[in-house]
Structures are given as structure tokens and as C-alpha cells.
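The next part holds the structures, each set out as C-alpha cells.
One chain, chain A, appears in both complexes that follow, with chain B as partner in the first and chain C in the second.
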Partner chain A sequence: MSRLEELKTRIKEALPGLECVIGWQKGYDALHNTPLFMRSAEDVDKLEWGALNVHNPAVYLPTMAGKKVGVVVKGCDSRSVVELLQENLINRDNIVIFAAGCDGVVDLTKVKAKLAAAGTGAGVVTAVSADGKTVSVTAGGKTVAMPMAEVAADKCLRCQYPNAVLADTFVGTPAPQPTPVPSANADLDALDAMSVPDRMAFWRYHMDRCIRCYACRNACPMCVCRDHCIAQSREPHWLSQDDSVTEKLMFQVVHAMHLAGRCTECGECQRACPMDIPVLALKKHLNRTIHDLFDYQAGVDAAAIPPLLQFKTEEVNIKERSW
Partner chain B sequence: MPVLTGKELRIVGFLCNWCSYGGADTAGVGRFNQPTDLRIIRVPCSGRIDPLFIAKTLINGADGVLVSGCHPRDCHYAEGNFYARRRLEVLKRFLPILGIDPGRFDYTWVSASEGQRWQKVVTAFTEQIHTLGPAPRFDAVAPELLAKVAGAISQGGNRVAA
Partner chain C sequence: MRIGVFVCHCGSNIEGTVDTAAVAKATLEFPEVVYATDTMYACSEPGQDGIIQAIKEKNLTGVVVASCTPRMHEPTFRKAVERAGLNRFMFEMANIREHVSWIGKNREANTNKSLDLVRIAVEKLRRDAPLIPSKFSVNKRVMIIGGGVAGIQAALDCADGGLQVVLVERESTIGGKMAKLDKTFPTVDCSSCILGPKMVDVAQHPNITLHAYSEVDSIGGYVGNFQVKVKKKATYVDWELCTGCGACIEKCPSKKNPDAFNEKIGPCTSINIPFPQAIPKKAYIDATTCRQFVKGKCGVCAKVCPTGAIRYDMTDEIVTEDVGAIVAATGYDLFDIKKIPEYGSGTYPDVITGLQYERLLSASGPTGGHIKRPSDGKEPKNIVFIQCVGSRDKSLDRPYCSGFCCMYTAKQTILTKDHIPDSQSYVFYMDIRSPGKMYDEFTRRAMEEYGARYIRGRVAMVYPKGDKLMVRGADTLAGTQVEIEADLVVLAAGAEAAKGAPQLAEKLRISYDKYGFFMESHPKLKPVETNTAGVYLAGSCQGPKDIPQSVGQGSAAAAKVLALFSKDMLESDPQISRVDIKRCVGCGKCIMTCPFKAIKEVEFRGQKKAEVIETVCQGCGICTSTCPQGAIQLSHFTDNQILAEVNALCQS
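Up next is the complex of A and B:
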């Protein structure tokens, strides 16, 4: 039985005891999958598993507090679930986790670039087929074969957890650990190579096209404040409605700082960005900092306390300045 | 017009009510000479300081930010400064990736009796900021710098397809 068929069987078994199970289904065209909320056996038959399941379904869990729900996760999504558990934002007794080995998902912006290079567009996709190595996209009567390594999401190129770190039901054989690819950190490497004033110019250049849609925040499984986000509150008034690059960058700083020690690098912020702003680089740098300082990785151990919610009286890695 | 116009830089200090604010007061009562660039904001505890206070201050044009609280193990609220130390260190290491010189921000501990130490800290920090000069404005980056970084990373497909 394939992973998908076995997942469907197991979800159908568990569904009577659950409010719903969150997964993915085919979207408005063959290229786009979209979140699926399974409430009946017919819904379960719409479930998809594979390289097009780009969304992180963990984002919906905090909004369903108090209800017993199931969630289908990739390895990276499972880390978000664990981080939510670490922070007591969801109750373990109310969550049933379904998982299978993940062979990586595509980055739709890379697919669109490939399609554009082949002289066709993403608006006319009629069929997509993917095995582990190649993704074939048929658009406008033309079939374009893309090696998975070239269109995989950056997070998949550096994936450490292809199999869920926490699951109630794990189906199929575990996926093999991918070997890290150097280009997976191209954004951070480029920033590291720049001088400090150049980095300011870099953010000035990229944040300029931000439209303040807050898709990065809404897609983020760790952004649980929702309607109480300080970016939109008037009291305190952290950000004005002013359409300036300073305000736009300030929002990214708010997002990044609120994720310090919590971000699992699922990459949803950058994937959701309609303007392709490399906002994940800020969080990646913070995660690296947190790792250097506290030797900690978010969303791996449900019993661990996030580093900024605890302290040591003598910090090992913090060297304070002597005046 | 004050004689120092144009010579002073804008430095913002966040000081805890119990130790460092008292320390600054002690320095004042003791009539120690201090540079006058620092503007002090009194907060209940260094643990009250959201790192975003500092980020917003710097992004909006301050030339430097100094944070000072009670010495570790001496916090009025027992552990506020321990949490603050972790947050502030993370922020200090975060600033360079935004393009803000990490030397524009520092944190330290000064107790209410350490007037001399306060004088030393303010003098050293002010000198450091004057060495760095006025902070570059985020909204006034030179066009040639923008052109230089435009191709630093490959652009995503949304931009290509558009």
C-alpha cells in the first residue's frame, strides 16, 4: 500500500473520534495543493501526499484549541507541532498526529521560474507528476521535466528531519536523510559576506517592495497572537500605517524577535510572501545565534523549555563586556 | 542655540529603577563629569525591556542605545536581569544582520552605589558612539549601494514570471 493509501485508511479509522483532520488536497490547478479539513470519509479521499504539499498544517492548530483534531504532517511540520506543545499553546491530549516519510516539497517560485525559462507560464498548468527525482509539469501543452534537486524548497535541501519527530501514527517506510546541499543557505551566506552598511542597503532594497499584506505572519505556525498582533494594535502603537521602508522592516524585526528561540525554520513566511522577500534569512540568522549561545534547536523535544523562557545564573556562552 | 548643537549625538539609555537609575543619580549627586549625549528612560526592571524597544530606537535613527540593570544575582525582582541578559545578548548578535553596527548597542550592570562606574560606562559608551559617528539612516541609503546589493541573491519565480 502506498503512503497515501495507508494514510487514508488510518485517518478514516480515527475520524469518528475527531472534530476534523487537517491535510492537503488538490487546489484550483494541478500545480497548487491547498489545505484540506477532513470531516467525513469522502473528504479523506481527497487527501494528497507528495511534493506539492507545501503548506504547514500546524498553523491551524492553535485556532482549534479545545477541539480534538488530527493533523497530517511532514517532518518539518511536526517540529512546529512540537514547538506549540513546548509552549503549551496546544494540548497533547487534543491532537492526533498522522505522519509519513517526506521526500521533499517543491518551491513554487522555482517551478514558476523554470516554466518561464521554458517559454510557458504557471497560469496554464494542466498536469503535474512527480517521482522522487523529477517533477514533470505540463503547462500550455508543453511538458517541462525538472530535477527535484533544482526545484525543491530550500528547507528540503538542508532537511534534518524528513520523518516526523513526533507522531501517533507513522505510516510507510521512513524517508532517508537527505545530504545537505551547500546552496541551501545561499541567502545567509550572501548576507554574511556583506559589510554591515551593505546589509542595511540589502534590506532597504528588498523591503521596498513589501506590500504589508502580513502573509508571512498569517502563514507562520508560531504567530499565535492573531488579532492581538502588536503590528496592528493602536495601544501600544508599535507600527504606524505609514507606507515607509522603515515601518516595513520594523515589522520583520518584530516577527523575527518574537520567533527567537521558537522558529523551526519551516519557511512558511518566505513561501507565503507574494513579493519573494527573503525574510527567512533573518530567522535563520537568529536560529544560528540561539544555537551558538544556548546549544538549542526549537521543536525537537516536546519537554524542552525554550531558551528565552529560562536562564542560568552563570551563562556559559555569554561573555559580558568589562568596562 | 545650545553650544553643543551638531556635536552631540542621540544616545538613549534604558535604566532599571532600582540599581542603574540610582547609580546615575549617585553620579549626579557626586557631581561626576559625564558626557551629555545620553537621554535616560527609566523602566521598572531590565527584564521589562523588550528587545524591540532597542530595535525600534535604532531603526528610527538613534545613534546608540545603552541598557543598564542591576548586577546578576542582585535584581530587585530576583531574576528579571537573568532573562534580560539572554534577550539582550540575542539582540546584540541580531543587529549586524539588519545592517546596524553592533557597537551602537551595549548592555551592562551598574548598582545604585556605583556612581563612579556609571560615569565610566557613560563616558566609554559615548566615546564609542562618537567614534562610529552619526548612525546611517535606513530610509536614506545611497542609490549606488542599493544597485550594488540588488543581485546579491537570486530572485524568486514570482518576480520572474511577473
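Up next is the complex of A and C:
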């Protein structure tokens, strides 16, 4: 039985005890999968598994607090679930986690670039097939074969957890550990190499393009303030509605600061950005600092207390006092 | 809002480098500032009256005073605006003395910076809201931590004042360092004769509960209502039954353990009572040397104990004491003389500390009060004292003067002559520090009547020659090198913060300096207060002190506690965090980060919310910087106020 068929069987078994199970289904064309909320056996038959399941379904869990729900996760999604558990934002008793080994997902921006390069940019994608090594996309009557390594999301290139770190039901054989790709952190490496004025200019350029749609925030599974986000608050009034680079950068910096040591680098902020602004780099930079200071990685151990969510008189790695 | 700005000259302290009149004039341009003036001394009576008059005449609703640090006079001015009918929190202070006039000489730059600081204060004041303190009751029990002479004095004074006192002592007996001394300067009266009665008073006082052989485990709560967990360490002896008869000590087969009370120059048994006047006079077992624990068999003490008090299965016990105030009187420890290898400590047994010498002089010491040197038990004739060992020495990170060593060294030379009339004492010193009643006369007596030879200079090295020690040093007055053949070398080891002092300070939430001594609230005007309400200091934990100073501080701390407890209700500081429950998503991050456990989870209309416990919150603001959506705000320091201050600074 394939991973997908086994997932469907196991979800159908569990569904009677659950409000719903969150997964993915085919979207408006063959390339775009969308989230799926399974409430009946017919819904479960719509479930998809594979390289097009780009969304992180964990984002919906805090909004369903108090209800018993299931969620289908890739390895990266499972870290978001764990981080939500670590922060008591969801209750373990109310969550049933279904998982299977993940062979990576595509970056739709990269796929669209390939299609454009092949001269079939516009139009509806009619078919997509993937065999793990190659993704073949049919659009405008033309099929373009793309090596997976060239269209995979950046996060998949540096994936440490292809299999869920926490699951109630894990189907099929675990996916093999991907070999780290040297270019996986190209975004941070490029920023590190820049001079400070160049880096500021880089962010000014990108922030100038920001349309303040807050898709980055809405897609983030760790952004749980929702209606009370400081981006739109007057009390406290951290940001004005002024359409300036300063205000936009301020929001991104605040967002990144709020995610320091919490972000699991699922990349949803950057994937959701309609302007393709590399906002994940800000969070990765802070996570690197947290890792160096506290030797900590978010969303790996449900029992761990995140370093910035505790008070210690003396940190293990920060010697303020000589004892 | 109608704001008045008062720019203080502080005599010439500020006016000397700041054009205060120009600052006052320029502030009139700031939003909502309707009155501004410079004033000679804002804190003086005419200065305060000027503020009160202006509030009434100009109908001011908020006041900014630009003067010194708020630590100095914020309470003064808050009371002044309150006398004029304003809420005391409708007041802000700009520090243009410590932050401006005292640190720069350029009058124009200083004037501009002062104006910026006033601009910031005005922007903050515009967003201030009146705050009302609430009242809470006081638990009129006091805990004294440390049973040395300072702690004993504080405990007795508090108990005589009618308070219930809990005295916590780390060792098995109270008495501290003073109990180890033979005689005390400058009167040369017997230390245990004057301390002993006070120790007995502690034991007999109906208001004092003594936890000996105990340590403070954790401290929660706040002024008026502290909860202190005290760890009563296992003594392996039931002190309810122990009569202090000493039968166990006589029979204990493990007799050759270094005696901590005798500063490790004499042996003691594994089950022991440190000295005859010990309070409580109860035995305890050192499990690290006791054969029953080390070898698993012995049990002699259990067999001989006439009351059957021995309990080998005893474990540490935690007791919780609720108190309203705490006095820290944890004393000091000695500098480790092994850190100066050229003086030979650790290598030559006849190089000892001054406190070890006290034990040799004491009748209750290991030699029964006869001076015998540790190596061969011979009576020394030539004794060299070296002062400032681990004091006034930057290279050892001990730049401070330990204060009492000059005096006790002089005392020891006098006692040496009394014990051994044909002996000769030599003292290597840097300076003689003997300010105090009868102190300088005392050091003169040591030199002139008792013939101690004082040599001004440092010692370079101590090396052995036969059964003697050669002390080589400089005589800087004669400009020569000197070498003295000594039978015994006594090092005046400096005072250090007690072991574990910084850790206790963290538990007490008080500041400490880089050496571990606790910080007083003001070095001159608040010497026994700390910056944590309800926590006071007595004795050497604050810095090296001799006995009269320690006793004085013990009494002073007791007076502070009695004054605090003279009120039945205390006012809480309203500058605390408050939760906007509309914004709170109940994630509990504030609860996880609060160092004071001042935030609890509550259920509000079926939803989880955070709630601040008003009296526990210390207003540190960690929760406000943790809460992502800004739902928890520190009153008087809200996000909006801080943002407005930053804006004022960046846009000026």
C-alpha cells in the first residue's frame, strides 16, 4: 500500500473520534494543492501526499484549540506542532498526528521560473507527476521535466527531519535523511558576505516592495496574537500605518524578534509572500544566534522549555557571574 | 495636560556646565508645557514651595524636575506634587547632573543634552496616568540570616522590641568569627566572655527561634510577606534528645579530622560540639569522616549516647518560615593565603593565618591556650606578622583594605608578649590604619610598651632554614633589605565575601559588588538598607567591619525592622505590570519568564488569561518584553511611553 493509501485508511479509522483532520487536496489546477479539512470518508478520499503539499497545516491548530483534531504532517510541519505544544498553545490530548516520510516539496516560484524558461509561463497546469528525482509539469500542452534538486524548496535542501519528530500514526517506511546541500544556506551566506551599508540597502530595496499584506504573519504557525498583532494596534502603538520602508522593516524585525528561538524555519512566511521577499533570512539569522547562545533548536522536543521563555539567574553559556 | 518644568542649578553642580535658564526657556516650546523656570535648589524647602505654588497658580497637572538622579530625590518631589494636590505619579525627573553636568565640561553640548533629556521626560509625562497604591498587611516576624555577632545583636534587639525572630545559622553553633577570637582589641577583654552571654540570651529568649546547621534554600514573596524555605541540614543527632553531655565525643574512634572551628590546626572527632560555649550545645556528625557513613559500620556514638539521640538515617529537612522582613548578616570569610605561594602557606606548617593564631592563643583552642607552633609543638620565640595578605593588593584583585587587620595584629603582638615574655614580634606593614576610639593608642602601646618591632615594607619571600623560617622583605623607611629568622609566621589574611554570598544575594534579590559584598542602598545615608524593600544588612556581609561596627549595624538593622513593623499595613508600589485581558491570548509566556512568580493563569469567561499578583510583582518588565502582542504593560513604563521617549530623542 502506498503512503497515501495507508494514510487514508488510518485517517478513516480515526475520523469518528475527531472534529476533523487537516491535510492537503488538489487545488484549482494540477500544480496548486490547497489545505483540506476532512470531516467525512469522502473528504479523506481527496487527500494528497507528495511534493506539492507545500502548506504547513499546523498553522490551523491554535485556532481550533479546545476541539479534538487530527493533522497530517511532513517532518517540518511536525516541528511546528511540537513548538506549539512547548508553548502550551495547543493541548496534546486534543491533537492526533498522522505522518509519513517526506521526500521534499517544490518551491512554486522555482517551478514557475522553469516553466517560463521553457516558454510556457502562463496558463493552467493540467498535469504534474513526480518520481522523487524529477518533477514533470504539463502546461499549455507542453510537458517540462525539472530535476527535483533544482525546484525543491530551500528548506528541503537543508532538511534535518524528513520524518515527523512527533507522530501518533506514522505510515510507510521513513524517508532517508537527505545529504546536506552546501548551497542550502545561500541566503544567509550572501547576507553575511555583505557590508553593513550593502545589507541595509538590500533590506531597504526589499522592504520598499512590501505591500503590507501580512501574508507572512498569517501563514506563520507561531504567530498566535492574531487580532492583537502589534502591527495593527494603536495601544500599544508600535507601528504607524505610514507607507514607509522604516515601518515595514520595523514590522519584519519585530516579527523576527518574536520568533527568536521559536521559529522552526518551516519557511511559510517566505512561501506566502506574494512579493517573494526573503523574510525567512531574518528569522534564520536570529535562530542561529539562539543556537550559538543556548545550544537550542525549536520544535524538536515537546518537553523542552524554549530558552527565551524561562528565567535563569545564570545561563549555562552566558557567564555574567563567575559561579 | 498642563506641564510645568523646573530646571535645578544644584548650586553650581549643574549650573556650572549647563545653562539652566536657557533649558527652561526652550522647554516652553514643547507640547503641553505651560510653565518653565530654573531654580537654585529644587529639593530645598523654598524650591519645593516654588513647585507647589506653581502647580496651584498655573493649574499644572504634571511636573518635570530636571536635576539629579531619581534615586536621590524622586520620593522628595513626588511628595511635593502630592502636597499640591496632584497624583504623585504625574511627575517625571530628568537627570541632568549625574548624566550631564558631572560628566562633561562643554556648556553648549551639556545644555543641548539637558534639553533632550527634558524633552524625553515631557513626552513620558504626557502619557503618565495617575496610579493609586493598594495596601497590604505585614507579617511582623523577622528572619536574621547569620548568627555572628551582627546577627546576634540584630536578633536580640528585634526580639527585645517584641518581634518574633527566626535566626538561621549555617554552622552548628552561633557565634561566628567572634567566637573563634581569643581577646578583642582595644580593651583586650576575652571574646567569649563578652559574646557568650549574648549567645545564651539568644538561646533563652522566648521570641527567638534558632535554626542552626541550616541554610536558606529559597526566598519568595515581598516586603511584609516573605516565604523563606530553610534547609535544616541533617545533623544525624536528634537535638530534642541531645543534652550536649559529650559522651559521644569522648568515645568517637574517628579522632583525627581537621577541626573547622579551630581553623584546621587541630583535630576533632567526627561527632562533635565545636566549643564549650556552643549555642545550641548539641552534637552533630560530619558524614564525610564518620566511620558509620564512610565504612558502613561503627555505631559507637549510638551505643554510648545516654538519651539515644543518634539518628544515622536522618535526612535534610525543609521548613518554611513566613516573615515580613529579612536581615542578612552573613559575615565574611578569609582570603585563601595559599594564593600567595611565596609566603609558603601550605608548604610550611608554621605559616598560619591570624585567625589560626587566635585559636593557638585561646584557652579553648587545640593547644589549651599555650602558643605551640604546628610543626613540632615548640614554643616560638621570634614571631613575624605580615599584614595586608590579600588586602590592598590589585594584583590579587583585592584592592580594598580589610580594615581590622592592623588592629588585630597589634593585639596579637601584645598577647604574644603576655604569653611568652622573652619573645620578639616583628610586624611587616604598609600603613597602620587605626582610626577609632582608643585604636591608635593601642597600636602605639604594642610598639612602645610591648616592644613589637614594626617594619614598613612588604615581604618578598619566606623560605626554610633548618627548623626556622627566613622572612626576607624590604624596610622602606631604612631603605634596606631585611631578613628575619622566625619560628612562626602569622599572615594577616584579608577579609573576603562569605562563600555563597552572591548566590544568597540572588535569592534575596539584592545587589552585590564584584567581590561578593552586599550593596547597601546608599553608601552614606542608607548603610543598612538594600534596594529590595524589607531586606536589610548587618555586619561584614556589606564590607569588612570590626566588632563594634558590626554590633552597631546589627542594632541599626533591628531599628529599621522595628520601624517597618510599626505600621500594620504597607503600601504597594503601583508601578507594576497589568494585563489587558482583551489582548491576552492566554499563552502564558509571561508566567514562564516572570522571575518572581508574580503572574498566574486565571479563567475568564471560559478563556485562559494571565493575571498579575499585585503585591508580588516587582515591576521588572520582563513579562512586557516577552508578551508578543503587548497585552501586559508595566504601569508608568508602558510601551507607548518608551516609544514616545525614543521618538523624542530620535526626532530632536
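Basically, the second predicted complex is superposed on the first by the 311 of 323 C-alpha atoms of A that agree within 3 Å, B and C clash if a C-alpha of one lies under 4 Å from a C-alpha of the other, contacts with A are read in each partner's own complex, and residues count from 1 in each chain.
Definition applied: contacts are C-beta pairs under 8 Å (C-beta built on N, C-alpha and C of every residue); 3 or more make two chains touch, one makes a residue touch a chain.
Because the structure is predicted, anything quoted here is derived from the model rather than measured.
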Following the superposition defined at the top, how do chain B and chain C come out on chain A, clash or fit?
clash
By the touch definition at the top of the document, which applies to A:308: first (chain B), second (chain C), both, or neither?
both
Looking at the overlay, what does A:106 touch: chain B (first), chain C (second), both, or neither?
neither
Of the two partner chains, chain B (first) and chain C (second), which one does A:228 touch, if any: first, second, both, or neither?
second
With both complexes superposed on chain A, which partner does A:281 reach: first (chain B), second (chain C), both or neither?
first
Is A:238 contacted by the first partner chain B, the second partner chain C, both or neither?
both
Per-residue touch tally on chain A - higher for chain B or for chain C
B
Partner chain in contact with A:289 - chain B first, chain C second, else both or neither
first
On the A-aligned overlay, A:89 touches which partner chain: chain B = first, chain C = second, or both, or neither?
second
So, does A:321 touch the first partner chain B, the second partner chain C, both, or neither?
both
Of the listed segments of chain C (4-12, 94-102 or 364-372), which one clashes with chain B in the superposed model?
94-102
Going by the contact definition given at the top, which residues of chain A touch chain B in one complex and chain C in the other?
238, 308, 311, 313, 321, 323
Within the complex, which stretch of chain A touches chain B?
107-116, 121-122, 186-187, 190-191, 194, 196-205, 238, 244-246, 249-250, 253-254, 256-257, 260-261, 274-276, 278, 281-282, 285-286, 289-290, 292-294, 307-308, 311-313, 315, 318, 320-321, 323
Hey, which residues of chain B end up touching chain A in the complex?
51-52, 55-56, 59-60, 72-73, 79, 82-83, 85-87, 89-91, 93-94, 96-101, 106, 108-109, 117, 120-121, 124, 136, 138-139, 141-142, 145-146, 148-150, 152-161
Contact footprint of chain C on chain A as seen in their complex
87-89, 224-226, 228-230, 233, 235-238, 258, 305, 308-311, 313, 321, 323
Enumerate the contact residues on chain C facing chain A in the complex.
502-503, 506, 580, 582-583, 585, 587-589, 592-595, 622, 626, 628-631, 633, 638-640, 643
